[in-house]
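Going in written order, the chains are labelled A, B, C, D, E, F and G, and every chain counts its residues from 1.
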């Protein structure tokens, strides 16, 4: 206690400050350009707290900084800003804010956000970040390419070793993150052992980029075949990560020949280092968990192989035993079939031999019997027919004889009639007469002269007369 | 004369006479002679026929008599 | 005469005679003789047939008698 | 005669005779003789058949006796 | 004879005889002989088959007895 | 014999015999012999399989026993 | 040192064995051997995962001695 000194109470001082501030800034509002960092948003109250900063455009160093908050109207404006621009109100955005200046006796200076210019969308930080990324892509085509929103680097195109066991850890000696990482690895529940080499450096303060790059080079120069390089930075304010947006750091990470796993320890942003690295994780613990999971996956694959081999081996035996058994029963059954078929064949042949032999004899006997009965009947028929023939001929001869004699008699009869007809005796009966001269029968009248004596012979009478006259007779009375 | 005469010859001569008589180239005086000859031949043939018939009938009668029945 | 005569020859001669008589190609002079010959041939054939029949019947009877049934 | 005669030959001769008799191409003169020959052949064949049957039956009886069931 | 005879050859000969008998292409003269041969072959085959069966069954019985389950 | 025989060779020979027997292309004359050989091969294969199984099971048991959990 | 047997080499060999067994392209004759090798590879990888470098070197030295090649 120094009673004689002239002093005032802090509350009096604060009141005076408040008076002056109120006099000068009370009721006044200012449009101010700056970047947002260390932003938090209390959802339940819809309060935004953040630091409003201005950076040197060349060095990226902070040249002005003030706390700010938004609630009520200010929060609504921010909500509108997000809706209009699609840009989340968050760290590393360059914004134009309408603010009032407030001083509170307890809480001190603070800017109160009244409005935000939605047209002023991107913060300068992000512009710089984009510029750095563009430069990385433009100047290192050999190992950095961009496709869509993705960056493809030599590093992130590497394959992780199937097991990550030997690790180069780049972190600060005092980093809580490094401890988290180690602890997580060492206390893994699977009993995996790791070999971790520390490469300490300063991993905060944006001016320490060169040191980080030097450490990365040191890892490379060690010639140790690390399975992975882990870059860890745990804790600290958001502004502490600007180091990881450095061009040279990004370039070194992108071209590094061993896969780099990052666990830079922030929740809300992704640094250029993350974009260039093989496997970015959010925190050191996550980085460790990533490695454990990677190895666990390997072991699970091993166990899967083992399981498959065990199952398949067992199936293998039952399959082979089954195949043997089926061959066995095939052989047994078919051997029996062969014997059975042969037996059947023999029985059949036996039957054929027995039955057909008997039927051959039977058939032969039937043939003989048929022939014998034919022989018994046919000769009798032949003899009978012959006898009939003979009888027939005898009858014929008898009949023909009678006919023959009758015919002969009839031929003779014909001559008898003719001779009777021509007999002179019969002619005289019809009134004809025979003239005889000198007892000679005359048929020529020339020898008869008038006065000759002629004999006229009639059927029953002879007349002797003398010729008195002789004339020619034409005989026409009898012409027919 | 008739003893050496066959039925065949007699019949042929008879047929010859019949043909001559039919031709009427025979004079009445010859006719009477031919008719006389023809009459003789007819009697011969009839006698021969009769005797043959008798003989044949006898043979047939024997045949039928001896025929095995 | 019949001893050297076969049935076949006898039958043929008989058939020939029958044909001749039927055709009247036999003169009356030999008719009786032919009929006589026919009569003899008929008897010969019938006898031969009869004896063949008897013989055949005998053989057949033997055959049937010895036939195994 | 039968000693050197096979059933086959006997049967064929028999069949030939049967055919001739059937066709009546056998003259009466040799009919009895043919029937006699046929009768002899039939007896021969029957005898041969009988003996074959006896022999076959004997073998078959043995076969059936030894038949595995 | 059977000593140098295989089942295969015996069976084939047997089948050939059975075919001939079935077709009745065996003459009566050799039928008995063929049936005799067939009977001998059948006995031979049956014996051979029986012994094979016995042997096979013995092997199979051993196999099934020793089968690991 | 089995000492120089592999499971593979034994199995193939066995399968060949099974095929032949299935096709009935094995004559009765060699059937017993083939079945005997098959029986030997089956025993060989079973033994081999069994011993392999035992060995594999032992390895698997060790593997699972030593599995870190 | 790891150059002789790396996780990668062990994994690939193991995968190859698993595939072969899966495809049943492993003969019974070599199955046990294959399973044994797989078991060694798994043990090797697991041990190596859970051991310090010194321990691993010891194991590798042992395995190299017993590795069938």
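Here, a residue touches a chain if its C-beta (ideal position, glycine included) is under 8 Å from a C-beta of that chain, and two chains touch if they have at least 3 such contacts.
Because the structure is predicted, anything quoted here is derived from the model rather than measured.
Colleague: Report same or different for the chain E and chain F interface, where same means the shared residue numbers exceed half of all residue numbers found there.
Modeller: The interface is built from different residue numbers on each side, given that under half of them are used by both copies.
Colleague: Which chain's C-alpha centroid is most distant from that of chain A?
Modeller: Of all the other chains, the one whose centre lies farthest from chain A is B.
Colleague: Averaging only over C-alpha atoms, locate the centres of chain C and chain D and give their separation in whole Å.
Modeller: For chain C versus chain D, the centre distance works out to 34 Å.
Colleague: Once you find the CA centre of chain B and the CA centre of chain D, what distance in Å lies between them?
Modeller: Roughly 67 Å separates the two chain centres.
Colleague: Between chain A and chain B, what is the separation of their C-alpha centroids in Å?
Modeller: 128
Colleague: Would you please write down the residue numbers of chain G that are in contact with two or more other chains?
Modeller: In chain G, residues 28, 31, 35, 39, 42, 46, 50 touch at least two other chains, as defined above.
Colleague: Using the touch rule from the top of the page, what residues of chain A touch 2 or more other chains?
Modeller: Touching at least two other chains: 191, 303, 306, 313, 320, 328, 335, 339, 342-343, 350, 353, 357, 361, 364, 372, 375, 379, 383, 386, 394, 397, 401, 405, 408.
Colleague: For the complex, which residues does chain D have touching chain A?
Modeller: Within the complex, chain D contacts chain A at residues 7, 11, 14-15, 17-18, 21-22, 24, 26, 28, 31-32, 35, 38-39, 42, 45-46, 49, 52-53, 56-57, 60, 63-64, 67-68.
Colleague: Under the touch definition given earlier, write down the residues of chain G that touch chain F in their complex.
Modeller: Contact set of chain G toward chain F: 27-29, 31-32, 35-36, 39, 42-43, 46, 50.
Colleague: What residues of chain D sit close enough to touch chain E in their complex?
Modeller: 6-8, 11, 48-49, 52, 55-56, 59-60, 62-63, 66, 68
Colleague: Touching chain G in the complex: which residues of chain A?
Modeller: Touch list, chain A to chain G: 161-163, 165, 190-193, 195, 295, 298-299, 301-303, 305-306, 308-309, 312-313, 316, 319-320.
Colleague: Mind listing the chain A positions that touch chain B in their complex?
Modeller: Residue positions touching the partner: 394, 397-398, 401, 405, 408-409, 411-412, 415-416, 418-419, 422-424, 434, 441, 443.
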